[in-house]
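Chain IDs A, B and C follow the sequence of writing; residue 1 opens each chain.
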Amino acid sequence: MSTLVGIAPGRRRKDRLMRGVLAATTLIALVPLALILYELIKRGIGSWSADFFTTDANGNFLGDPGGIKSAILGTLEMVGLATLIAVPTGIGVALYLTEYGRAGRFGSLVRYFVDVMTGVPSIVFGLFVYITLVLSGAGGSGFAGWKGAVALALLMLPIVTRSAEVVLLLVPDSLREAALALGAPRWRVVLRIVLPTALPGLVTGSLLAIARGAGETAPLLFTAAIINGTSFDLSQRMSSLPGRIFADVGQAQDRLVDRAWGAALTLVMMILVLNLLARLVSRRSRLT
Amino acid sequence: MPETRTHFIEELRVVEDQALGAFDMVVEAIERTGEALQETDIELAQLVIADDDRIDGRYLEVHQSVLSLLARQAPVATDLRLVAALLDVIKHVERMGDQCVNICKLLPLAGHEPPSHPVILAKLGEMASCARSQVSQAKLAFARRDVDLAEDLVRQDDAIDLLNRECFKLALEIGDDPDTREWAMHMMLVARSLERIGDNAVDIGEQTAFVVTGLFREFTDASHPDGVPPLPAP
Amino acid sequence: MTQSTTRKARPMPTVPTGAPAARMPRERPKPDAAIGRRVIVDDLDAHYGPQHAVRGLSLEFAPNEVTAIIGPSGCGKSTLVRCINRMHEEVPGARATGSVRLDDIEIYDPSIDVVSVRRTVGMVFQKPNPFPTMSVFDNVAAGLRLTGARGGNLREKVERSLRGAGLWDEVRDRLDQPGIGLSGGQQQRLCIARTLATEPEVILMDEPCSALDPIATLKVEELIEELKQRYTIVIVTHNMQQAARVADRTAFMLTGELVEMDLTEKIFTTPGDTRTEEYVTGKFG
């Protein structure tokens, strides 16, 4: 008749043990993250003030060292320019891979190189730009904000491409087929059907790439350099938040170190906002 | 044996067997009727009349089974033709049973000691025998899907028709005795019923050809003594 | 090979290669003209890489009739149909040789724009696929906008297509709502309306009802019955009862070849080929 039996006691124990182990590993992973956030907030919030955000670093050894206004602006400008370069290009490459190069050998090659690029250390991008653009004095100057933007763009490009490709592949082929069967040329299918459908996912991917780019220090060290004072001119040296942090953290003055913490907190907050935005956009999308 | 629709194939076989079983009942009814006729056995005639309920019952069974198959199994092609033919065939079988009943009902009217004309009686006996073999052959032809055997039924039917005409002629010359004349009239009706049984058997033969070829063709028709050309495919 | 009473269409005259190719007319003569084109397939071979999906197939789809194509999975019926609107070649590694004509226009002629073929030969797919980012109105209009059609009254054309698909009354008050908000059956009729908007002359349907519930299926079948008065319709279906209900003619395919094609009534009462008989009675061992 019925072969239903109760749970063997040994199995119940094993279940509980497994749950315990997994919970423990989760905690182990979360603890450092929580500690980082705690430290950041504890040490950085003290520096936050109106002046902090509205004055520039002035290089004073004594007295008020100034705020991080130019660093914020520098990050915004350079990351902005990098986004303008990386996002369209990255999406373009992804479009090529999904619409035209899905099966071909060239497509596989491109995909492979993009994958490799995601693994390249960020400092290498900085070095590359240093050698090709800075040393050569392209654009009439050495270090320049726009060169920093180029380095960031190179870093962001494979990230954008990778995530864009995933999202574009999620667009069902049935939609492409339907559009083609209506008699649309392929470019129109891409422009009017594929891109709009994938848009939320593309935005999410781009925001994440931007968040990454905003936080990178190494590429900027050799390209945009770190300066005090304000600079809006992309063709000159430019400050940035990561750069500011790097410069300040090793100094002897406490006030400069505090400023570094404040800048770090600011940077993390910016990245957090970008991530939240990405989340919001993705929740409204139907694909991701 | 295909692996699909085994249940349906089985059901179809059962319905066909039900219908073919009815043939056996009719053969028995014809045999008894013939005997009752020759021996003027009224009790046997009553038995035939009573037993016709079984044939009617079988008709209803087959009819219901066919409806069920049509509704549930959606037969097509050969299966559809078979199922449609079964409806037609069982109707003809039921009619044949009714003809036997008609004959048996006439016997008491002819009286217990009827004036019998041995020649007419003998010819009627021949007709009954012929009808019986026609029904058996119709059953065999249908069961085997044998078109040639089915078409041969026409030949036998011609024999019955001939006997019918001979009986008719004999009846015309039977004389002036009113009792004898009355008996002869009844015998004509008997002959007609036997001849109708033969016609029904031929119709069943036509259904056999329909199942096999998909074409419905009248083997003989009053207006086309040489056979009717097959209806053109739609 | 096995003996077969293959009912092929009578052999078609070959299209002379040097003859000037006709172009698909850009402006449709009259939108209400009940013209369906005759589709003539002659010796069509289709491959997916090494796989030979359609083998030397020849048949005709009569104008203003519904022709059903039935056959077991993998027999090539979907491939055949995709060769008629030249969607087959969109699959990487796929190729097709042979002739497909709409009346006397050879669609595989190199001078013919494939895009114009697809406007004349519309297609409805198995799973309803309205564009998710568009409203009901935009979905129907997509057929026109994607093909760069200009001028004309868009609203009027959209309404006409929706009426043609039997959907107007159900959506007239929610034209601006997302197309994917409709029920399955409505979505499929929306896709049909979208196809109708480009004013095709042939409509191909690849198992259009297999994702729909029975009532939606019957509505679509009713629609097909009306549409055939104005278009030539080819429907691929694995539902034989549907083919029996809807089609004037039925073609039975097996492993890439045409086994038999005849009036539906004949195929389902007295099929000529034993393979057809076995398939339609379900005794495919």
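Here is the rule we go by: a contact is a pair of C-beta atoms (placed from the backbone, for glycine too) under 8 Å apart; a residue touches a chain by one contact, two chains touch by 3 or more.
Worth saying up front: this structure is predicted, and the values here are computed from it rather than measured.
Listed here as common contacts of subunit B and subunit C: no chain. With centres taken as mean C-alpha coordinates, the chain found closest to the middle of all protein C-alpha atoms is C.
Chain centres here are means of the Cα atoms, and by that rule the chain farthest away from subunit C is B. Rounded to whole angstrom, the centroid-to-centroid distance between subunit B and subunit C, based on C-alpha atoms, equals 52 Å. Centroids built from CA atoms put subunit C at 48 Å from subunit A.
For the pair subunit A and subunit B, the distance between C-alpha centroids works out to 93 Å. Residue positions of subunit A with contacts to 2 or more other chains are absent.
Within subunit B, no positions touching two or more other chains are listed. Not a single residue position of subunit C touches two or more of the other chains. Touching subunit C in their complex are the following residues of subunit B: 1-5, 8-9, 74-81, 213-215, 233-234. Within the complex formed with subunit A, the subunit C residues making contact are 85, 87, 90, 92-93, 115-119, 122-123, 125, 127, 129, 131-133, 142-143, 145-148, 191, 194-195, 198. Within the complex formed with subunit C, the residues of subunit A that make contact are 102-104, 172, 174-175, 177-185, 188-189, 192-193, 196-197, 199, 286. Partner subunit B is touched in their complex by these residues of subunit C: 240-241, 244, 263, 265-271, 276-278, 280-285.
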